[in-house]
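After the structure tokens below, expect a handful of questions from me.
Chains here go by letter, A, B and C, matching the order in which they are written, and residues are numbered from 1 within each.
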Amino acid sequence: MAHEEIRNLVGQLAETSTDLYQGSFLLTWMQSESNLKAVLLAAEALQKMARAGVSSKLFDTGLGISIFRDKSTRTRYSFRAACNMLGLMTEELDESTSQISHGETVRETASMISFFSEVIGIRDDMFLGAGHKYMQEVSDSVQESYREGVLFQRPAVVNLQCDLDHPTQSMADLRHLIETCGNLENLKGKKIAMTWAYSPSYGKPLSVPQGIITLMSRFGMEVVLAHPEGYDLVPETLEAAKKHAAASGGSFSVAHSMEEAFSGADVVYPKSWAPYKVMEKRTELLMARKHDELKELEKHALAENARHKSWECTEDLMKRTRDGKAHYMHCLPADITGVSCQEGEVAASVFDRYRLATYREAGHKPFVIAAMILLTRFEKPADMLKACLDNVVARRGCVKSLAAR
Amino acid sequence: MAHEEIRNLVGQLAETSTDLYQGSFLLTWMQSESNLKAVLLAAEALQKMARAGVSSKLFDTGLGISIFRDKSTRTRYSFRAACNMLGLMTEELDESTSQISHGETVRETASMISFFSEVIGIRDDMFLGAGHKYMQEVSDSVQESYREGVLFQRPAVVNLQCDLDHPTQSMADLRHLIETCGNLENLKGKKIAMTWAYSPSYGKPLSVPQGIITLMSRFGMEVVLAHPEGYDLVPETLEAAKKHAAASGGSFSVAHSMEEAFSGADVVYPKSWAPYKVMEKRTELLMARKHDELKELEKHALAENARHKSWECTEDLMKRTRDGKAHYMHCLPADITGVSCQEGEVAASVFDRYRLATYREAGHKPFVIAAMILLTRFEKPADMLKACLDNVVARRGCVKSLAAR
Amino acid sequence: MAHEEIRNLVGQLAETSTDLYQGSFLLTWMQSESNLKAVLLAAEALQKMARAGVSSKLFDTGLGISIFRDKSTRTRYSFRAACNMLGLMTEELDESTSQISHGETVRETASMISFFSEVIGIRDDMFLGAGHKYMQEVSDSVQESYREGVLFQRPAVVNLQCDLDHPTQSMADLRHLIETCGNLENLKGKKIAMTWAYSPSYGKPLSVPQGIITLMSRFGMEVVLAHPEGYDLVPETLEAAKKHAAASGGSFSVAHSMEEAFSGADVVYPKSWAPYKVMEKRTELLMARKHDELKELEKHALAENARHKSWECTEDLMKRTRDGKAHYMHCLPADITGVSCQEGEVAASVFDRYRLATYREAGHKPFVIAAMILLTRFEKPADMLKACLDNVVARRGCVKSLAAR
């Protein structure tokens, strides 16, 4: 029965036309709705195959390279799990032990790590205006090397978080909403509050809120963004959210308090981020290596943050949501008041009630990344999954499966 | 013929009932004798399969995660080899590049790295009273996440050395003794001297001597522990050794000199460790980050150590053992007088005579770890090994094997 | 048709007798011409199999260990790709997290990381007189442990760059020349200029120029070495180049200017390196940890380098080569004037014209390394490749291939 359900998903995938093959996955707003739906279907199929113990090892050999320019637990392991479930061996490019410091250019490195690679996953979220550009350059470089015959295959570049978007997070969040609400259609008209929340740190990337407002507005949701004055997002993402809402029959609006945003919400996503202007200044100072001024900026930003400690997801606020039972979401780790910090983004009792739900939310990420690799690297991804179902190899105890042939 | 011998072992394994499936392997004294025997049988079968070139790749995909909170060569590579021989891809959780510092809790991290993982190997041996607790918490967390459907499989936690025990070492040592003495029965009545020895360093974990006295006393050996005054082990492990000796018909006693312990011994295991009280103090100071007091403690402990330089495994001491030919054991690396230090645990001529034997001793570890993974992750491990033997895939040249079908 | 071409190569390989099985690959001049030809044939076959999408996964399980004592991008990824295409999982020995600092000997470590390993790749190029010796010691140690039954298989040690040679680079360069010139025979009589070039750094290893002059002189090329006074290579390599040239009907000579070396050259390889005497002094000071004197040496060496800024591969120099169209080669990364540094080894316009060609040159390395592993680890390597061609498993979409059986 599990298999029937998976075959049904694979059938739907076969009917969803995409142009992802031989490309990269950088920003969700660069992708057609059809591409996004294909990722969602493939992710669900892969997840159900994993649960049913069916192997999805479609590569006999090949590498998946990751480049992390910022810390990561969830995304790092999700990328590795995604590569592994498809049969790719992972390697992390540690820029400090490579010769990148010896004057190697981006396009050179991109080719040098790609001779046997099918995917390059990159996290580069610290520098505003730089992360996405870097990924685009890597993608253009492997494209050139493939076109010129230097590479025998064209590795996909998958954005594991940049300055603009965090598509593997937002797509995993969307998968979670679909599972929670039943199906994608059900999201129409549902209200989601993406709000700033207080954290005793500064400089958190903008990519999560930007990813959420641009993606959820595409599927008819009522998206409300709320943050204290000055904590603006990159303008281009606000524009995209407006455009998407208009096209999908949803809405996008900006509120000025958590109270307003939470009122009647079906879903809440309270999370800290740095003001756009602070990130801009920080990028400038980091690049100029002005350490004293950076400290000054941090001091100033933390003081500014501290003025908004009331932006906390409390039980009282939760009561304002639809029936007092909105779905709470977070990309983790959350700053939990009295647990991981003195005062934070969310009250301990609220977080605890949704703790396992946030783990489930995170659990979609490996399959979303695997879906992106599957769709960029195989011309007929549905045929591939069908072959896995037709010739079941048990993920565990595979020797027995092979013997049964 | 090699295959007949392996089939015989697999047959014995099939008749050995265990409750290891879906659990963790943390302390040998938490395991039944039957569980331990099953690990020994499976380890031997896997080793003989490796020697015969028979693949034991039972996982088509899946991850094995390691967390090393202390340095390691042997155990790190043994864990990786163990995962690889079963088909798991390994990843090491580097806590400095993860978001663990950002307020992530242990139970959260445990789930985040487990979505596609079958085993988590942990070394945490620096803090007395902390290592085992941490592993237990990780094990409880993945158990909860599995029960709640967050994880599709329940990764085993394997103790790669904690503050109390070093089960992959002691079980490998036991495998070595079995190979050396012929079989497990033969160990009955054999005398093993686990003695302290001088080393020009301090703060070595207690887990090896604790692991040895608690394990070898279960199989009828005459276990003698010897150390200078003050170099006590954790009381709970002495209690366990006494209880085991009483139950197995062996004995456990404490001697006060190497001379006494070595007299008539069949096996000697001279190795340095820190006094329990020093480790307690060290843990306290490390946690409080009192660096000056730590230096003071080290100075004091080294001075205390230096009073016991005569605790060295010399040729004269070896002559006191049974026929002057006791088996010398060490977990490596040994502090060899005149080779790796000026004055150390063992005389160069003694070590050199047993050097290759200590390598063989170490060589059991990959198979012991693989056996622990096999038994915790498969409900019918003997059936799995039988399937490997029925459908031989050559570890090298596997394409040819497949072709031959 | 691709397959016919590969079968032809495999047929030639079957007829090329080698003594590489169960050995290591350390210096090209320790290898017979027949061994080198076998590596070239196997590398070409493996490359064409990769291009045709045919899997060459010949190991079902097994590890490939790398030890990098210097930075690396290309070689690190090439080694990993090579291991992966044959089915080996890679692990990097990080000496800082192992117990090597705790008095472990080289021969002990060599065995400890080898219980399930098929190959150990080592880069150790910083210390003149040390790198090759270290690799030889590792090779001797695993040989002893294999002979004594400690190891069940004999891992090959592959030199990923030492103080004397860089065989995976020079063999990849030779593959590039063969592809560029049509075949190995065509290299006879072709002039290759291996010349020093200015770089704003010091202490670059000598292994590339030494590897080139010793290897290319074996196949009848007219090898010309040119460098400023004092930038000598290790004498033993000059001797080898002379001897090879005499035997192969080629020539080896030393010129005193780039102009002279480039005149009429078919191939140019302008690249910086440190003077032999400076490397000797540097090794001595590094080992004695004399940091002040090291700084003094660097200052002096950079000043000396700066006297030779005219040693740059310019358009004018290129015009002196055969028809002004010599093949430009570099092991990358190159110091490109105005791109990666103010003044460097090569003019930007020259490099840009050959940029993709240098990528292709680098692209041979994974296959050369894989060929070395194949030939050292399989007694009948041609039979293995033939089995891959007889039972084609698609590298991508392998589930479908298996299904088709």
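Basically, a residue touches a chain if its C-beta (ideal position, glycine included) is under 8 Å from a C-beta of that chain, and two chains touch if they have at least 3 such contacts.
Not measured: the values here are computed from a predicted model.
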Interface composition of copies subunit A and subunit C: same or different, split at half: different
Angle, in degrees to the nearest 5, of the Cα rotation that carries subunit B onto subunit C: 120
Separation of subunit A from subunit C, taking each centre as the mean of its C-alpha atoms, in whole Å: 40
Residue numbers of subunit B (touch at least two other chains): 55, 57, 87, 89, 393, 405
Residues on subunit C engaged by subunit B in the complex (per definition of touch): 55, 57-63, 65, 87, 89, 91, 93, 97-105, 108-109, 111-113, 115-118, 145, 148-153, 377-378, 383-384, 387-388, 390-391, 393, 405
Residue numbers on subunit A that touch subunit B, as the complex places them: 50-51, 55-57, 68, 71-74, 76-78, 80-81, 84-85, 87, 89-90, 201, 332-333, 335-336, 339-341, 356, 359-360, 362-363, 365-366, 393-400, 402-403, 405
